[in-house]
Amino acid sequence: MSDSRSVSGAEKETARVEAFSDGVFAIAITLLILELKVPSGLDEHGLRSALEAEWPSYAALLVSFATIGIMWVNHHRLFNLVHRVDHTLLLLNGLLLLGVTVVPFPTALVADYMGRGGARLAAAVYSGWFIVIAIAFNLLWRYLASPARQPPLLKVSLESPEVRAIHAAYRVAPLWYVIAFALSFWLPVASVAVCGALALFFALPPRHAGG
Amino acid sequence: MSDSRSVSGAEKETARVEAFSDGVFAIAITLLILELKVPSGLDEHGLRSALEAEWPSYAALLVSFATIGIMWVNHHRLFNLVHRVDHTLLLLNGLLLLGVTVVPFPTALVADYMGRGGARLAAAVYSGWFIVIAIAFNLLWRYLASPARQPPLLKVSLESPEVRAIHAAYRVAPLWYVIAFALSFWLPVASVAVCGALALFFALPPRHAGG
Amino acid sequence: MSDSRSVSGAEKETARVEAFSDGVFAIAITLLILELKVPSGLDEHGLRSALEAEWPSYAALLVSFATIGIMWVNHHRLFNLVHRVDHTLLLLNGLLLLGVTVVPFPTALVADYMGRGGARLAAAVYSGWFIVIAIAFNLLWRYLASPARQPPLLKVSLESPEVRAIHAAYRVAPLWYVIAFALSFWLPVASVAVCGALALFFALPPRHAGG
Amino acid sequence: MSDSRSVSGAEKETARVEAFSDGVFAIAITLLILELKVPSGLDEHGLRSALEAEWPSYAALLVSFATIGIMWVNHHRLFNLVHRVDHTLLLLNGLLLLGVTVVPFPTALVADYMGRGGARLAAAVYSGWFIVIAIAFNLLWRYLASPARQPPLLKVSLESPEVRAIHAAYRVAPLWYVIAFALSFWLPVASVAVCGALALFFALPPRHAGG
């Protein structure tokens, strides 16, 4: 009886961490729109040109929206496997959420500087920040899936196909963002495009059965 | 036993997608107010005139608030019928949420340009964006209600009156927004008014019994 | 069996409306801070003066925070009595939420114009908006507590002390805001102060036992 | 039977207060990013310098993010011990949430004035505000843990190790922020650094077993 209650306490705890994280993801993804500026005081022709000239803002919004959305799905999938949270997990999750809340800033940087002088620096900050987030995801995951955690934080065996699929995907993700980062120094538009392609790629259904 | 547990897992999953979506709707609807600007440095007479001159902002705020509110009710009604979510549903829901988060931008466009040179373009973007959202709702619904999904994603029979009522309503909604869009090239104020009237119309109680 | 399931469905429905409303209240109350502007480019002495000169912003923030907070408590208390929601209730609740999301705008108006030329108009808009919200609360409550709703929307008898206490409090609240509104034409600071005093007054514990 | 229902009602009530508070924490922590400004209209070299010159913004963001994050964890830990909420607890919790929602303002002040003329005043407001929040936490906790509350608001005995650990920690926290406040008049950067160090210190796992 006391066992089942403590299990239920652990699940309530996990649910509250998930709910708080969901809130942060939902707010960060919705704040992106505040970076889109309405050009002021123009006539119809000028407004049309100004809206067309804002294409980097639309592109940056789309890529960041897709990336945060996919990160939410992944965070969600990760926490579906979590049995209980401990203090370190809370801190690592906080680090990841810091990564997510900051995204509107590099997004605004890309929106303002793409196609201008500072484009390479903007794309470098943008893709570089996604490396940071990918590393935060890896730290969280490695802590979760470490055999040293006793009792385990995960509900499932470390040998299960879900765990292996996540291991494989997470090992590779930061490297892709490193490629986007490297590209930013020559082809800033291509760097942002790679970030967008990565979001689409991660949006594909997971390969293991039952995902 | 394992069956009932997986059902409950599916319901928890659905609940979390609903909660995340609710968060995005609630934030987008509340961010609309940030587009209302306080005119600065005026005396009483000037302030009164400036506040009166902001009527397009108030109108745009009201129409967008009503539209997002009704979309929330519809999203809610849809997900009440959902039994489980799969990966594609998650992506289609993400597309819909993208539509919702963007609404403050065309709203600000209408607020700034109604009654001025760029009014027609602003109303076209505004009503055009609602076509996009109506299409996203249709994609989500068609996927949900497709007989090809096995096991079905819906809790209810595809022949049930709720499903038929939603089919009928969703088939028509984009067409109404196309009319608002077409109007925008001649009568931008009428275009925005049609969007407002549509929100009121969709706010009427559903015609089928038990809704 | 089917009865108890529909009761649980009604409770889930009510819970989701409460959760969405809570989200809107939480966001509106937190967005208030965005109206506080950091004075830019000053030395220490200038910064101190500028921060001191912002007292109307602090006052408006406090009064609006307290008012939205108390409205949340009241909304909460109302929905604790709600057994099921119907379509009209959803719309009336939406009207109330519209009232809440708008609050940051009259708050910014008071923050910018108190102690200046437009103070009377700002205080009139501010207190006038609270009349609108008080009326929205009354509409919601009268619909909820109408004996015409069959089956009733409330869990408790219309003769219960909670219901009577709410009746008494809601009947009076708009009148107090009318006084604040009337005051705004002579003494704008007193008008805002009355709004603050009302929030404190409504924050007193309810008089009936068991509240 | 009626007993167990009222217990469950009390838990639902507590859960709703927690959810509202979580929403406010999540929004306040995510709004911090809005204070980071994108420097406009620069070439690559100028942009790099401008981004480097924004280090006080990054530092303030990090310290405030960590502080709000830790306050969330503490709030969470406190409410895990709460059995039921009463009216006064609701008001004290509201006072604490007021403290949390304001944090983006002193953060912006530090971001704009660190390394400039107004740095000492900015750091004083910043650390001073954390004293206010620490006092609000103490008021909330003292009310919760007072033996005068009958029936008790806490689930656990006032002699339990969790309660004693919180007593010990809360007694000291305001004093540390007083030190940061005192430092602000000589060494504003050190004052903000102490606030950051305190967040890291409070992030250490609690010393009592089972935390």
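Of note:
Just so it is clear, A, B, C and D label the chains in written order, and each chain counts residues from 1 on its own.
One rule holds for everything that comes next: a contact is a pair of C-beta atoms (placed from the backbone, for glycine too) under 8 Å apart; a residue touches a chain by one contact, two chains touch by 3 or more.
Here the structure is a predicted model, which means the values were calculated and not measured.
Shared contact partners of chain B and chain D, listed by label: A, C. Rounded to a multiple of 5, the Cα-based rotation taking chain A onto chain D is 90 degrees. Residues touching across the chain A-chain B interface largely differ between the two copies, under half of the numbers being common to both. Note: centroid distance chain C to chain D, computed from Cα atoms, is 25 Å.
In this assembly, the C-alpha centroid of chain A lies 36 Å from the C-alpha centroid of chain C. The set of chain A residues that touch two or more partner chains comprises 19, 23, 27, 31, 34. Listed by chain label, the pairs that touch are A-B, A-D, B-C, C-D. If you check the complex, the residues on chain A that touch chain B are 18-19, 22-23, 25-27, 29-34, 36, 38, 40, 42-44, 46-48, 51, 61-62, 65-66, 69, 72-73, 76, 80, 203, 205-206, 211.
By the touch criterion stated above, chain D contacts chain C in their complex at residues 13, 16, 19-20, 23-24, 27-28, 31, 34, 87-88, 90-91, 94, 97-98, 101-102, 104-105, 108-109, 112-113, 117-122, 125.
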